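Quick one: the structure is below, and I'll ask about it shortly.
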Amino acid sequence: MDRLDRQELDLMADARPLRAAVVGAGYWGPNLARNFKSGPDWELAGIVDRDLGRAAKLAAAYGVPAFESVDELLDTAEIDAVAIATPAHTHHGIALTALRAGKHVLVEKPLADSRVNGLEMVEEAEERGLVLMADHTYCYTPAVLKIRELIADGSLGEILFIDSVRINLGLVQPDVDVFWDLAPHDLSIVDFILPGGLRPLEVSAHGADPLGTGRASVGHLTFALPNDAMAHVHVNWLSPTKIRQLVVGGSRRTLVWDDLNPQQRLSVYDRGVSLDRQSRSAADQKASAISYRLGDTWSPALPEHEALAQMVAEFASSIWQQRPARTSGASGLRVLSVLEAVSMSLSADGQSSAVKGNEPQLEGSR
Amino acid sequence: MDRLDRQELDLMADARPLRAAVVGAGYWGPNLARNFKSGPDWELAGIVDRDLGRAAKLAAAYGVPAFESVDELLDTAEIDAVAIATPAHTHHGIALTALRAGKHVLVEKPLADSRVNGLEMVEEAEERGLVLMADHTYCYTPAVLKIRELIADGSLGEILFIDSVRINLGLVQPDVDVFWDLAPHDLSIVDFILPGGLRPLEVSAHGADPLGTGRASVGHLTFALPNDAMAHVHVNWLSPTKIRQLVVGGSRRTLVWDDLNPQQRLSVYDRGVSLDRQSRSAADQKASAISYRLGDTWSPALPEHEALAQMVAEFASSIWQQRPARTSGASGLRVLSVLEAVSMSLSADGQSSAVKGNEPQLEGSR
Amino acid sequence: MDRLDRQELDLMADARPLRAAVVGAGYWGPNLARNFKSGPDWELAGIVDRDLGRAAKLAAAYGVPAFESVDELLDTAEIDAVAIATPAHTHHGIALTALRAGKHVLVEKPLADSRVNGLEMVEEAEERGLVLMADHTYCYTPAVLKIRELIADGSLGEILFIDSVRINLGLVQPDVDVFWDLAPHDLSIVDFILPGGLRPLEVSAHGADPLGTGRASVGHLTFALPNDAMAHVHVNWLSPTKIRQLVVGGSRRTLVWDDLNPQQRLSVYDRGVSLDRQSRSAADQKASAISYRLGDTWSPALPEHEALAQMVAEFASSIWQQRPARTSGASGLRVLSVLEAVSMSLSADGQSSAVKGNEPQLEGSR
Amino acid sequence: MDRLDRQELDLMADARPLRAAVVGAGYWGPNLARNFKSGPDWELAGIVDRDLGRAAKLAAAYGVPAFESVDELLDTAEIDAVAIATPAHTHHGIALTALRAGKHVLVEKPLADSRVNGLEMVEEAEERGLVLMADHTYCYTPAVLKIRELIADGSLGEILFIDSVRINLGLVQPDVDVFWDLAPHDLSIVDFILPGGLRPLEVSAHGADPLGTGRASVGHLTFALPNDAMAHVHVNWLSPTKIRQLVVGGSRRTLVWDDLNPQQRLSVYDRGVSLDRQSRSAADQKASAISYRLGDTWSPALPEHEALAQMVAEFASSIWQQRPARTSGASGLRVLSVLEAVSMSLSADGQSSAVKGNEPQLEGSR
């Protein structure tokens, strides 16, 4: 959290805490409930689950009421916001209901099960002046916050390439492929750290289903970045070794985030290849204009904090300040748009597929 | 080298050594000269280089004559074979001259500068009953020989995916892109370890040239493998960290080769995801038919030997036994065919491009 | 847990759960309480703390009564066992009170603050036929259980050396030095994995207090093992990098446990130096009788279970079966005896100090 | 090499190269010969070996004469210096002969086979105003030169502890134990990096010979450093894993040199524990005066150069400038003195043994 936010939060110190209910008491809901309960900005106001027993059990642990439906919640409880941690195909319906009742909404990734549904959610929130936030938790880890800062302040220079690898022996999912399961993490991080956000015109995806499960379990995804740079994402459920690594190659420095190395999560290499840009036009002099830097490596100390607590604080902050959240509904929609283009490319044998909403004429505006 | 070869070589023990000349006294030629000089199978018979001074200096170190041209060599010296270590665009001319003079030929990678030239070399050698061998040195490392063995004996089961990463701060080349510079290593290894060799029908390549050098310096390459499996190769000249890693995912076990970890180069994981194949047809039961194995990891001890010495021994062995070399001209041609398709895919914005010579009707024949 | 225990536990399945109270609601007590609560063998019967508020808070979370003193607990509650998680200097008094009231006792490490106090506890428990168990939690981790098994079944051969490193930026303690803080872990592990237990005749310790805190913050400890082998322990509060590594060198294989590498915690190297023992007497032939093995490396898969749950199960099992616990009071006493000798060696400038209770004539008996 | 030396060497540019002969054509001699041949400061003038054939073979490769004895060399050739790479027990005799003939002398480690012999060599050189240099090659690696610099400029603050681990599956030597084989490396490095050099008053050593070879193959060595700090060295021939790691803990920063990690050989941690020194006297306030720093990690880029070339250049430089070499005979003698005390401690069951020449009253003078 940067200094400005902190200052503003201090101003808000007198404000009463906001009241949130969590919808969905399955895997992720309890984590949200715990953070709404423990932070200074929020009061937990209730738990909703179609399985009332499950809702009641979680609710009891925190001494709050349980509800069987969102309608029941909205009729009964006095709340400011709803946090949705239910299956993706239910996000659209629940979010619209909550927004139409004037509540701010936080949604687990992916924002919705289709771009068109996500777009409707974003527009509904905009019209009503409400906060719609995507729960891109990784973006609130100390490492990703630092990466965003290093790119923003020019430490890396111009981005040359991004490579993100997220592979592991994974649970083959019954309803989504490996792209929809894992790539939202990589894509939301790219959206968060790039000053211009995630706005490829088209993407190309290649996948394989060697076990014959009916959907891809190994996948590679590439798209262009501004200035002739490129991004690549490797997602894989079949790897016996676990790798979670992001490389951001820059013209000044290159950064490697190894999330499984707690002793040196982030390394910044002052090494690289550089080209004297003035000689770009003089084609025959190119080779001689390339030079190498072999400088020091630096690993910044990272604060220790729980990402989810930061995310929940940002939700409160964006409501108080009446501004889009850092991981706004719009960012969730950008991720969704890329995922839809991935599916199209996959079914077209890897052919580049246009990303809706990122048509050329719109480029640059955010 | 397996038992059979050893036995055969023993039979050859009485044979006189073969005589080889090295063409090209630049970077790689001296390594070839040293190995022809030191092994039991060969006599070094001369060094050729257009720069006669360079040829003479290398020749003097080994007490052999120097030549300014291949014609001069062929007119003067009594030799059995020629090893070519000159720039790629000269391979075709030199190899044809040597083959037409009845000499066996070893060629540095890539085999030639175009598929059609490589094909002519392969056909010329076949017609004359001469050995044409590709110098795919990596294939003779202890690690790759072991990988080939583990796939051949069924230790890995059916191949599910292959992922090869070869990235480093590299010398941006004046005349080739990162695919032609680095991917021949990965492709020749895949050709060597797969029982069916490297025979994709089509490939898809994505590259970037963020420094504006006129050719790709970051690249990703994907192609299908038999049984719905897939291969991916990542080559990159701009990475500040060096990675040379090959993962071969199998239905029984998965293998990771980390060439930069001398203490544990090869790891075989007895872990994975498996699907009861009988339930493949019953789509609705798929999820339940998936199971996980979390077994031991095993790192086989590898013998220590120089790959180039093994390669030179295989060259002699294939000549004596009148058989194709393990890394034959045909294998060099398969690598070349994929590289040409890569270039076509790159210029077609990543669209899949057919690999010549691997047309569907030819699949399965080798 | 091996097969025998499992079988026996199955026989016990009809037995009523045992009832335990936890004394000490500080750092470790809550972990014990959670495990007594969640396992099948135990019922949590109460929490004791001199700070009644702290006791009450923990007790409330589990719905059990809180007590201000052990006397109050013993007067009021019906219990089988007491688990002590209070400062070391209070262990002796609390344990004797509980034992004299006929309760089984589990004690956090170290067993007591002096050997003589620990000995009294062990003798009291023996006389009364009660279980006195040391909470050497590390011994119940999957890695240590496996190491014990590999030594017992002869996989490592004869032990040649043990090297244990436990270094980290640590909290300089107000009342104990780095040996008493960290070495109990290493010593209890050595006691657990060696068939003969931890029984050095003497130990030698070297420490330093470069910050002038009044006690050693860096320490090295060495002692002889049977058959001319040796053990070394390095404990250090001042290291910026965290290392927790145990090497057990054997005549057949050598084992490395790297507790901070979750992807390969245990490695067994089939490598080593061997000497033909028959040539031992022929001094001049020694060098020629030495040979090297460079075999495979093997990393056994380890089950995932919480060590503390296993420890609590072993406590129940030892009570039901009326046998010493695997980490018995006697083992806690052996650790304590070594720690006392360490302190003596430290104050004698590193001179070897005899370990009480391990006098030569007793060696070999257990 | 720092700026001053460079400048001075420039002044020497007009000087004629020095002439050196290498005595001993076994393992190390050829490396010395190659460096005397290739550097700008030296001319190689001859090779000496009792095995004249071996001398002749090496000499022929460089076009210099071969000699059967040092006497023959001194009678015949015009030389400035002699480099000795023969077995340790012959160093003393050869060095004295050369010094008495007015030649500068470079000696492979260890300086001699006993302290008294080493002392005689040092005194002879001093009396005659000749350079006697110890070939402590590690001290000229980029990593060790950087460590020396970081300690000298105060980057690490006050030294708190040094830990050096040098373990590997090693060739059990026929005539020396693991301390005399490996520890000269660690000790000469400590001597080189500490501003005050290696001057412990006493050392304590613990070793084991579990294979019954007649000498220690596992060893631990500890000694005090100024300001209540301590050093520890672990040498081991029986470890299946290779570790070469030096940790220098300082009051400001701590440094880790991992010689087997070419991608990050040197790491400087801006982390540590600190004590407000003013509160040292107030014993009861100690705990509260301790604080923790968790800062960045930094890995300086190291130049790539061959250590041996730097060493040979320093030999020339010290002769021209008529000053002791950086790794002088006196430093070789300090290492020898510690090794002798190690042997005494070993035979006294680990008891601290005084280091001759470092008697208290001499401390501080160099």
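A, B, C and D are the chain letters, set down in written order, and residue numbers restart from 1 in every chain.
Simple rule for what comes next: contacts are C-beta pairs under 8 Å (C-beta built on N, C-alpha and C of every residue); 3 or more make two chains touch, one makes a residue touch a chain.
None of these values were measured; they are calculated from a predicted model.
Enquirer: Hop distance check: chain B to chain D, minimum number of steps through touching chains?
Expert: Minimum number of steps from chain B to chain D: 1.
Enquirer: Comparing A-C against A-D, which pair counts more contacting C-beta pairs?
Expert: Of the two interfaces, A-D and A-C, more C-beta pairs touch across A-D.
Enquirer: For chain A and chain D, what's the span in angstrom between their mean Cα positions?
Expert: 54
Enquirer: Which integer distance in Å separates the CA centroid of chain A from that of chain B?
Expert: Roughly 41 Å separates the two chain centres.
Enquirer: Centre to centre, by mean C-alpha position, how many angstrom separate chain A and chain C?
Expert: Between these chains, centre-to-centre, one finds 44 Å.
Enquirer: Got the chain A residues that touch at least 2 other chains?
Expert: Within chain A, residues 241, 271, 294 contact more than one other chain.
Enquirer: Give the list of chain C residues in touch with chain B in this complex.
Expert: Going by the criterion above, the answer is residues 264, 270-271, 294-301.
Enquirer: Give the list of chain A residues in touch with chain C in this complex.
Expert: So the residues of chain A touching chain C come out as 241-242, 260, 263.
Enquirer: Going by the contact rule at the top, pick out the chain C residues touching chain D in the complex.
Expert: My answer: residues 158-161, 163, 169-170, 172, 174, 204, 206-214, 217-218, 220, 222, 224, 227-230, 232, 234, 236-241, 247, 249, 251, 254, 256, 269, 271-275, 277, 280, 283, 286-287, 290, 292, 294, 349-352.
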